[in-house]
Amino acid sequence: MTQQRQATVRLVDEHGAGGKVREIFDDIKRTKNIDFVPALWRALATNPTQLELVWTQLKTLMHPDSVGRQTKLDAKTRETIALAVSATNGCSYCVNSHTAALKKLGVDTETLGEILAIAGLFNQTNALADGYQVEPDVLPPLE
Amino acid sequence: MTQQRQATVRLVDEHGAGGKVREIFDDIKRTKNIDFVPALWRALATNPTQLELVWTQLKTLMHPDSVGRQTKLDAKTRETIALAVSATNGCSYCVNSHTAALKKLGVDTETLGEILAIAGLFNQTNALADGYQVEPDVLPPLE
Amino acid sequence: MTQQRQATVRLVDEHGAGGKVREIFDDIKRTKNIDFVPALWRALATNPTQLELVWTQLKTLMHPDSVGRQTKLDAKTRETIALAVSATNGCSYCVNSHTAALKKLGVDTETLGEILAIAGLFNQTNALADGYQVEPDVLPPLE
Amino acid sequence: MTQQRQATVRLVDEHGAGGKVREIFDDIKRTKNIDFVPALWRALATNPTQLELVWTQLKTLMHPDSVGRQTKLDAKTRETIALAVSATNGCSYCVNSHTAALKKLGVDTETLGEILAIAGLFNQTNALADGYQVEPDVLPPLE
Amino acid sequence: MTQQRQATVRLVDEHGAGGKVREIFDDIKRTKNIDFVPALWRALATNPTQLELVWTQLKTLMHPDSVGRQTKLDAKTRETIALAVSATNGCSYCVNSHTAALKKLGVDTETLGEILAIAGLFNQTNALADGYQVEPDVLPPLE
Amino acid sequence: MTQQRQATVRLVDEHGAGGKVREIFDDIKRTKNIDFVPALWRALATNPTQLELVWTQLKTLMHPDSVGRQTKLDAKTRETIALAVSATNGCSYCVNSHTAALKKLGVDTETLGEILAIAGLFNQTNALADGYQVEPDVLPPLE
């Protein structure tokens, strides 16, 4: 018999949270334009310092408009990186989350397939380059 | 005393190769518009079947124009995925190769920093989501 | 409450597929001598180019007889590599798939234990060698 | 429809085991002061040599008192390493097991959060250092 | 012939930096009580936003006194986590850096061996648990 | 300017070692039929308990004849697993070591290419299966 899977900590209740945690939960919903706090943030909230550090980073890098920051990469490219990394690491929660984000941005399943095909290809060539211990080609000098 | 590092196989000589290997070497240089065969391909050529399989994939996915294929992702996004995966896996040869490719496409170091910052962030959150064993949020049904 | 787990894309229906996808689905069943299309291939089929590239590779490397190719490794060794890699990466789908393939080839649970014991051992020594940053021993010159 | 998840081998029955496996099962329960044999050990028991090798290691390193060994790290630090590694590798069984062990040692969720925050941070900086291919700073000579 | 290895970006000069980068460089030296800026920070400085985000995190988590934060883990435990993660990921720069930090904290090579032995062991058991797809044991309910 | 790379601990001198370390060093050379102690073992010897645990494991699993153990896998298959795992993890020392071992067993570079091609392929499909979060196909009941 298998059991129900669950997180290793009790997720902080979205509505019961107060103080700094509550403020960050509200900011997450406002910034991401969603009406619930995703489970990862509710787990991180068991250590408010951790919650704040991760959210500050993610908000700055993934929601640059919300902090008035200029950025070089558009939202699709940013989420594409997130999915490629998560597929490489095999993180279930993260793959689900970033696939949903890409769909919300209008990415169709054929494009999703192209992202994953390329991520898959380089997981292959990474193993090959490491498997042969190939030394880097001589690069042009740094500009 | 440390030794010179080198690949675990003798790289196939670019000019001595014949037959199918020679054809693929020529195609690599033509398709990538470079005047030498990068070391990884010279290692893969020790098994011509392997060389052909990896090149067919990489040519199709990363150089779609050369095979007349429509693609959803532009060249910068494709190389961005390659770098994010390679940084995640810590593959030295691959990081060097794809950083050079991005620079050739006009990507500056600040943008490179943004790519790596986002790749770094999700390596962090992947470990956190796995570290808490957070179950995926309920996703909307597949369209 | 946890939810039913499912893939992030709607799997392509085995019987509804047409054109190139249908041909590949048929080839998968014929080559692998099974009467259904495994879920991974149905996911890959959401991007037919991707399906074809991965299948061409897997057919050539893992079913060499079907393409008239000479090979140096027998079927058990090939699936053994697949399981060792999948256990190292912690890929649930892949571990299940390659364990089933090994059982079909007559591998018993004791042998399975030996494969995993060796894979486990080298995940340990890999971390140790990297953890001490040991430089490679001086190897004899390449052949 | 998804299926019940289960291990890829039939777990050795705790009470049906005999001989060396039975002795090790008893030693596991006595050493860990628990009244059941955790599932991983029941899987490893399908290959008794493997069971013995892994148990000898784990008993020596994680339960040094039971073998009369002096140790430099206390139990919390040892389990902290175990959790950090397991979160990095994304091993579900292991994260669950070592989180439970830490809780049994009195570690609260805030401390757990600090462990994971630090593990997460260094997964990030690992990707960054590899992503930039930064060479090690010159270290002081070995003592 | 192999080449000199170098980072993929030109490291920001420690003495030429101005503005926010200069402030952070000074803070790194003051907080870590060292007289140079380690190479990773000089690479991160090519994107000042990235530099600030990573430093804020690292300072808060690894140098809690400097921000007046209470912490549950002592400095040795924190660096131990860093080394265990870095060995698991095989990050050369990071292993060197955190080994040096542990030595500075008075950790001898025998203790270093114990840290790595435990990190190695769990890289092994992670592969075994994933290789057998063992489901988590039923845990006691969350506190 | 880059520095000479070296291990993070002073390797134990092969000839200066005494007691248990000396015995194990002798056993390593005798069992592996080599006339020097590879660098990894000299690093592990900084913690003799660790040295003994890893050597006991490796001797039992990789040199079964030396301990009078029956084994299901031959020497080439065992080293093939070692190389596949090491390429997947990108461990430089280990890839070099196991490639040398395979060559010593008579494996030619074309076969080496087949091993790495298959290891590469499954690093790709692992990322794809995880990237799509494909659930395992229903397996036949355990025999």
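Chains here go by letter, A, B, C, D, E and F, matching the order in which they are written, and residues are numbered from 1 within each.
Here, contacts are C-beta pairs under 8 Å (C-beta built on N, C-alpha and C of every residue); 3 or more make two chains touch, one makes a residue touch a chain.
Predicted model, so just to flag it, every value in this text is computed and none were measured.
Chains that touch both subunit A and subunit D are the following: B, C, E, F. Farthest from subunit F, judged by the mean position of CA atoms in each chain, is A.
For this pair, subunit C with subunit E, the centres built from the Cα atoms lie 34 Å apart. Note: centroid distance subunit B to subunit E, computed from Cα atoms, is 27 Å. Centre-to-centre spacing of subunit A and subunit B amounts to 21 Å, using the average Cα coordinate of each chain.
In subunit E, the residues touching two or more other chains are 2, 5-6, 8-10, 44, 49, 53-54, 57, 61, 85-86, 88-92, 95-96, 99-100, 110, 114, 116-117, 119-121, 123-128, 130, 132-133, 135-136, 139, 143.
Chain contact summary for the complex, subunit F toward subunit B: residues 4-6, 90, 95-96, 99-100, 109-110, 112-114, 116-117, 120, 127. Contacts from subunit F toward subunit C in the complex involve residues 5-9, 36, 38-40, 43-44, 54, 57-58, 61-62, 71-73, 76-78, 80-82, 84-86, 88-89, 91-94, 96-98, 100, 103, 109-111, 114-115, 117-119, 121-130, 132-137, 139-140, 143.
Remark: subunit F residues 83, 86-92, 95-96, 99, 116-117, 119-121, 123-128, 130-133 touch subunit A in the complex. For subunit A in complex with subunit D, the residues that touch the partner chain are 1-2, 8-10, 44, 46-47, 49-50, 53-54, 85, 89-91. Listing the residues of subunit C that touch subunit B in their complex gives 2-3, 5-6, 8-10, 49, 53, 56-57, 60-61, 69, 135-136, 138-139, 142-143.
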